[in-house]
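Note that chain A is present in both complexes that follow, paired respectively with chain B and with chain C.
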Partner chain A sequence: MFDDLLKITVKDERRYILVSLVGIIDNNTYLDFVKRCTPLVNKKNVIINFQELKYISSTGIGVLLKLTSLSKMKGYRVVICALREPIIRIIKLIKMDKLFMIEESMEDAIDLINSDYKKKKK
Partner chain B sequence: MEHKVVDINIVPDHVFLHSVQTISEAVMAMAGTGAMKTDYKTYNLVLAVDEIVSNIYRHGLKNSKGDFLINLKYFINDDKVRVEIREGAPEYTPPTTYDEKMVLEKYCGIGLHLVRTLMDEYKYYFEKESKTNVVMISLNI
Partner chain C sequence: MFNNDLTNLTMLVKNIESFIQQHSENAKLVYKVQLVVDEIVTNIIKYGYKKEEENTIIVNIRSFQNLFTITIKDNAKYFNPMEHTLPDLNKHKELKKTGGLGIFMTRQYVDKLDHDYQNGNILKIKIYK
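After this line comes the complex of A and B, so read on.
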């Protein structure tokens, strides 16, 4: 089921930072996730692409909550997108889907950030 | 009738999730669940055992001396998989309710909430004679 550890790639775009995750976030990998993402949410909107994330435990969900909260304090957003079925099912089961900004695809997440930007410009 | 199918001691290190995966997948296959059902039920079982062992690793282990082993026992019967997780860290009191304020302010308590939500049964007790913490979870299949 899970063969990888966690690989994180970061791409700085004009209106957002795109973070792509490959592998799993568990008790052994969540610290990398914290270290790489915490500075980013203080700078810009962040889109986290979950497409290649196979597994997330409570430690990872806790980090996402923290990143969402830090980002809000700076007036930015964290949008998570393309979640695999077991992950979205579990987030919904524990009713945390209301706490996160979740989009079905990366395109939808980018559209959301762009429409925010246009609204602010008006 | 219930059968014990796995009885293993593990070291709670970085490879334990792979052991938990392999064992849980094998046990679910032995339990004979349908393919679709097995996928998500196995995922739930792996996650629940991972959460319990990670909690022991984070909270129990720091108060213990010497080698620290966690004993995992898996049992199956016609309609249930049951897992017993035993270890010798100091006795503790798991919270009995989900505290959303604690989760939102301190980002903790999510693991146990997951276990209670995903499993059909969760029970903790302390065996006084052997000084052992025992967590028992079960999943209907």
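After this line comes the complex of A and C, so read on.
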């Protein structure tokens, strides 16, 4: 029923997995987001592109926080990027901006993962 | 007007987008109004009503020259969001818990919120354009 409300595209790259979201994350679509992303954060760094995400509720922000924690436990990162201004604003208002790795663009997020990889290699 | 079923709420959130866009050029207002309605109605459905009971929630959004008014009526138990204890954000950060944040987020985005109780909650909200 809610298939068209949240579209999740996954692309497995060498150093990270790119997840692109289109639509909304609310009480009805968040489960799909959890199911698709949980296995990913357990195996690689994950970049989540928010550019086409129009809406996220407190439930969605909670899921994002859990995915970030899971990833950290496995020694990986979740980087969220290209967030729309009202979504960044609410994350700052609830003082969770320090808990997430937020980058302005997908290119910045990829750069971050790549520089991490180079540092580890040294 | 819709039943206390979360599946109906998603359609409402989606419909709010076109309504706000018709009455304001400020794109930020779309998210504000969506979030406020979504979080309050979610709260009513999850905590105000018993799951097995079918009930009704009335949401009315009106556009005026400089503001949107939102009225939300239910016949659930008493709940005034303005009396709701706000979460300790530092604790949330440390424990990485997010429960209770919806009402806090709502209060960040409304310009005025009045609550009345007459056989149900009546919330009157103002968000300036």
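Descriptive notes on the structure:
We take it that the second predicted complex is superposed on the first by the 118 of 122 C-alpha atoms of A that agree within 3 Å, B and C clash if a C-alpha of one lies under 4 Å from a C-alpha of the other, contacts with A are read in each partner's own complex, and residues count from 1 in each chain.
Criterion: contacts are C-beta pairs under 8 Å (C-beta built on N, C-alpha and C of every residue); 3 or more make two chains touch, one makes a residue touch a chain.
All figures in this text were calculated on a predicted structure; none of them were measured in a lab.
In this overlay on chain A, chain B clashes with chain C.
Of the two partners chain B and chain C, more residues of chain A are touched by C.
Contacts of A:I94 after superposition: both chain B and chain C are touched. Look at A:I61: by the touch rule set out above, it reaches both chain B and chain C.
In the overlay built on the shared chain, the residue A:P86 is in contact with chain B and with chain C. Shared-chain residue A:R36: touches no atom of chain B or chain C. When the two complexes are overlaid on their common chain A, residue A:N27 makes contact with chain B and with chain C alike. Counting contacts by the rule stated earlier, residues 1-2, 24, 26-28, 55, 57-59, 61-62, 65-66, 69, 86, 89-90, 93-94, 99 of chain A appear in both its interface with chain B and its interface with chain C.
Note for the complex: chain C touches chain A at residues 6-7, 9-10, 13-14, 17, 27-28, 30-32, 34-35, 38-39, 42, 89-90, 92-93, 96, 98-99, 101-102, 104-105, 108-109.
Against chain C, the residues of chain A that register as touching in their complex are 1-2, 5, 24, 26-29, 54-55, 57-59, 61-62, 65-66, 69, 84-87, 89-90, 93-96, 98-99. Chain contact summary for the complex, chain B toward chain A: residues 14, 17-18, 21, 25, 39-40, 42-44, 46-47, 50-51, 54, 57-58, 103-104, 107-108, 110-111, 113-114, 117-118. Residues of chain A that touch chain B in their complex: 1-2, 24, 26-28, 55, 57-59, 61-63, 65-66, 69, 86, 89-90, 93-94, 99.
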